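Quick one: this structure, given as structure tokens, is what I'll be asking you about.
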Amino acid sequence: MSAKNAQAGSSLWRDAWLRMGRNKAAMASLAVFTLMVFLCFVLAWFCKDPNAVTLTNKFAPPSGDHWMGTDALGRDLFSRILYGGQISILVGLVATAVSVCIGVSYGALSGFAGGRIDATMMRVVDTLLSIPFLVVVIVLQAVLSDWSSDTSSWIVTHWKWDKTFTDRLTNIVPLFFALGLFGWLTLARIVRAQVMSLKEREFVEAARALGYNRFRILVRHIIPNTLGPTVVYATLTVPGFIMYEATLSYLGLGVEAPNSSWGILIKEGANFMETHPGLLLIPGIFFSLTLFSLNFLGDGLRDALDVKASKD
Amino acid sequence: MPLLDVQNLKTYFHTRAGTTRAVDDISFSLEKGEIVGVVGESGSGKSVTCHSILGLLPQPPARVEGGSVTFDGDELIGLDPLLLRAVRGRRISMIFQDPMSCLNPYLRILDQVAEPILVHEDVSREEAESRALEMLKKVGIRDAEKRANSFPHEFSGGMRQRAMIAMALVTKPDVLFADEPTTALDVTVQARILQILRDLRDELGVAVLFITHDLGVVAEVADRVVVMYRGKVVEQGTVRELFKNPSHPYVKGLLACRPSFETKYHILPTVEDFLETKTASDGSVTLRERSDAAQRLEKLESDGDLEGASDSSALLLEVKDLKVHFRSGGGFWGKPREVVKAVDGVSLNIHKGRTLGLVGESGCGKTTTGRAILQLICPTSGNVTYGGVSLSGLAAEEIRPFRKRMQIIFQDPYASLNPRMTIEQALLEPMNFHNIGSGREDRRARVVSLLEEVGLSSSHLRRYPHEFSGGQRQRLCVARALTVEPEFIVCDECVSAMDVSVQAQVLNLLRELQDRRGLTYLFISHDLSVVKFVSDEVAVMQAGRIVEQNDAEQLYRNPVNDYTRQLLDAVPQSDF
Amino acid sequence: MFRFILGRLLQGLLVLLALYTITFFLAKAMPGEPFTTEKNVSETTKQYLRKLYGLEKPLWQQYIIYPSKIISAGDFGVSTSKGRPVNDIISQSFPVSLVLGLGALTFAIGIGVPIGIISAVRRNSWVDWSLMAVAMVGICVPAFTVGPLLQILVAANIPGLKVAGWGSPLDFLLPAFTLGLVSAAYLARLTRGGLLEILSQDFIRTAHSKGLSPTRVILKHALRGGLLPSVAYLGPAFAAMISGSFIVETIFQVPGMGQHFVNAAIARDEFLLMGVALFFGFLIILMNLASDILTGLLDPRVRIGKEAS
């Protein structure tokens, strides 16, 4: 007698995946986003140098050589879009990862601790939430961008890193923090609400009755059950961050040369929209398509994981 | 001609998983001024029936596939939605199970009660409101003038159901569909609501289709009964006839498996003792009576005299003057905090190998008492002594050894298992944590034998909780509690959410385990019949205190306390 | 009720203090020195201002001087990059932003809520899908793409609408639409979601069983609760709309408040930065309070001052 004849059951994740497989919009979105990631992070390496200026070939129409034409400095638009996408997508993903880490731990602790600790922790979140997010990020960016050029030169002189690479890195790292540091607030509230309600569920009480310690209950029984809403919310946060990055870059407070991002490309394109609308439209389409797919993916995940739309 | 005549009604649900015949070719009728009880377990199609009649089902997935419903000479099936709306709420009204979720939380009670008049009749707002107010008084809402302007959340459960009834009857309909109207209520409140329904039937001449899973309620309130099972009507007749001489094996089983005050069985008969279900290859089902049903029943009856543990067994658990007080409200800027005395001086003695029943209405503090005994809630004061050791004031590590000896089973088996763990993980975890058994293989073997002990098989090991039925999940919860080999188990309303046939199986399981393992139970329930069946001793709780405690037989036969008497009187009886 | 509002205002003061602290230290951490980018401020004036705002004093004293000036005299300081009092800048630009914001709000509610209702009522039909796809476009296409597109496609082709500028009453149409578009899209989604949640509840079935028409069920029984998420969203969203948007203002050349904020951050104009940030924070707190009160009016269960059972 052993478990050999036991049939494997279907976990909630597997069920959700099957449900999602039936959602055509969500699957199409997944395909589009995967394609975007492939284009920006794999195909980009085989493209032309996005910063190669050819002043003799400004505003070239699409051709075999330049698939989507060239910009005001004669740079290849297609390869600029792919390289810009790298930064945009990376900012979205990393800032989300930062805010998920902070949000889940903060929310779980607050909800699990309960009582005064919870009340204080949540009052901090409420206060931070009332602070205009973009305002502080803009100021923070202004402060951090100065810091980043200092850091870059320090790294180059002391660690002998490649200068272009270091500049690119130190330019975007502050963005991750600026966005991630504030993006976790809503997630913390969602996770806390989940933990609060899970704490009252009988299976957690059964775990307490079985004598498990608090850490085990939190890690084994509570947090795994908060992952559904977390995944959904995180997916919907990525396009939000990509939008913020674009807005900041558009304001001149985000990504700077030699980096580029979709926000920068759109800003540059808007300058020539009357004569060369393609320079605005093509990056705009890439940008919106990515946001579109991520939002639909999030909606699909929400339906599949059966997460209520409530905010707290 | 009957007032409402249902002929060959068929309602199917078409989903991705296939077609479910929720209502499968049923016929019954309702005469003027009559109360007909429709009885069935969950999923038997009783609610779908009345929703189909009123066109309230979401279509798709539901579809009425055939049959006819004539109401006062008019066909309702396929009727134009506009005309059907003129019937709904004016000539046929409906009340539902949960009066909290069924009343609109955003609107005042008076607005909701007056609304059917305003929609269906050409009267002024003032007149509609004064008629609504009159109806609210009629259903027994005191200070109706003042309270009519309240919102539903300001009413108690019983008051809400009264308001629901007022809303349904305010247009003086011919027929009232009552869908489990008393299921969410305490027995004493249920008794009052049933009385109101009967009085209004006599006064207004309204015919009532009373849908319930509770045979006792039907016996109390109905003139005739229709029993449904798997979408079909298996038997119908007058109450007396059906309760005295049931002919269908399912009805026989249903009547027998219900514990009552007079039950003499040690192990309850189950529906399976009477009914044999054969599923053909095309999915159709044939129901047959077991040929050996009579012998099975006889055997159970002869086992009835068997008495369990002796009366003089040792004291296992002693609770002295236990108090649990909660602070409610308050907060940063809120009202000053109030103290709620959930448990206010409870003393109990529980003897080894015996069962103490703790019975009381919702909010009386019985659940809190159970949790406080297990030290899951920290008591405000008082002492719990387990096996001679005082548990009060022990640190978490010092309590841990006792966690192996005391366990708990909850009401809701759906919420009691971690949905992200397989059965194997859920059952292995306690043994790993407490170092029970020698090594991995031994623990696995124990898990398998436990599963078999509670009536499941090792093929279920790698499944997840959501793949089991409610009854199976409760068995799993029992198995999980048994992994640490406890001697004392708190059963907190552990059969309250179940159909009677499943309830009988779980009660039998608990009893068999007690016989085999010498377990001690604290059985917490609001259901007096079930408590009578399982308990050796019974304590009655009201407002945080024990008002009466005695040997089970004694307490039910000669209740001393007024409240106990009131509770016992409120239980619907079906002895004919 | 009074107690609640008082409590929320006190809490709001706390938020303002936190916001002030963050912007104060960030402003101090910004590179450079105030008055270094000055062109139009004379040396004597600079000296005078330094003394007035205690800029040569230790940091902790500066931290106290600024708010005490606001409290005692309503003085938000002087913009070092513009050489004008911050009070003047706000009082000139805020009315412009207010008009623009109110226009945007009207667009957002007027478009978003009806779309959400229609979508919820016709859920899972092609009407629902296409409306929600349109809403998604509204969320995914940034204002700095929508604005220029509107200029090319609409303003250039319809007489009376200017591509940019602020003067005649019609001028606010395009920027207000651009500003309100994202909120309209969010509102449509929130209204739909909120309404669907309510429509799945038991009391809706009760309403149908009373023989009400579907329209009455939606309007009388479902809409109240269904609008709650939208109301909660609109508080901060409206505050953001009336405090101006740098992007929309730049594209359509509107003299609103948003540009000052970004310019201040770039020019290290600390008084203007803190003044505008505090003003914005104040608006958010006010609008949050308004949306809480509105929620209480819509939902009796959270009604203020009454204890829920």
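Going by the order they are written in, the chains are A, B and C; count residues from 1 in each one.
Here, a residue touches a chain if its C-beta (ideal position, glycine included) is under 8 Å from a C-beta of that chain, and two chains touch if they have at least 3 such contacts.
If you're wondering where the values come from, they're calculated on a predicted model, not measured in any experiment.
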Chain separated most widely from chain A, comparing mean CA positions: B
Chain pair showing more contacts of the two, B-C and A-C: A-C
Between chain B and chain A, distance of the C-alpha-averaged centres to the nearest whole Å: 47
Centre-to-centre distance between chain C and chain B (centres being mean Cα positions), rounded to whole Å: 51
Mean-CA-position distance for chain C and chain A (Å): 24
Residue numbers of chain C (touch at least two other chains): none
Overlap residues in chain A, where contacts from two or more other chains coincide: none
Set of chain B residues in contact with two or more other chains: 332
Interfacial residue positions of chain B with respect to chain A in the complex: 331-332, 371, 374, 376, 396, 399-400, 403-404, 406-408, 410-412, 415-420, 422-424, 429-430, 433-434, 444-445, 448-449, 458-464, 466-467, 477, 480-481, 484
Chain A - residues contacting chain C, complex: 126-128, 130-132, 135-136, 138-143, 146, 239, 243, 246-247, 250-253, 263, 266-267, 270, 273-274, 277, 280, 284, 287-288, 291-292, 295-296, 308-309, 311
Residues of chain C that touch chain B when the two form their complex: 3-4, 6-7, 201-203, 205-213, 216, 220-221, 224-225, 298-301, 307-309
Chain B contact footprint on chain A (complex, rising order): 1-3, 5-12, 15, 119, 123, 201-203, 205-213, 216, 220-221, 224-225
Complex contact set, residues of chain C against chain A: 11-12, 14-15, 18-19, 22-23, 26-27, 29-31, 136-137, 139-142, 144-145, 148-149, 151-152, 193-194, 197, 229, 232, 240, 243, 246-247, 251, 261-262, 265-266, 268, 273, 277, 280-281, 284-285, 288
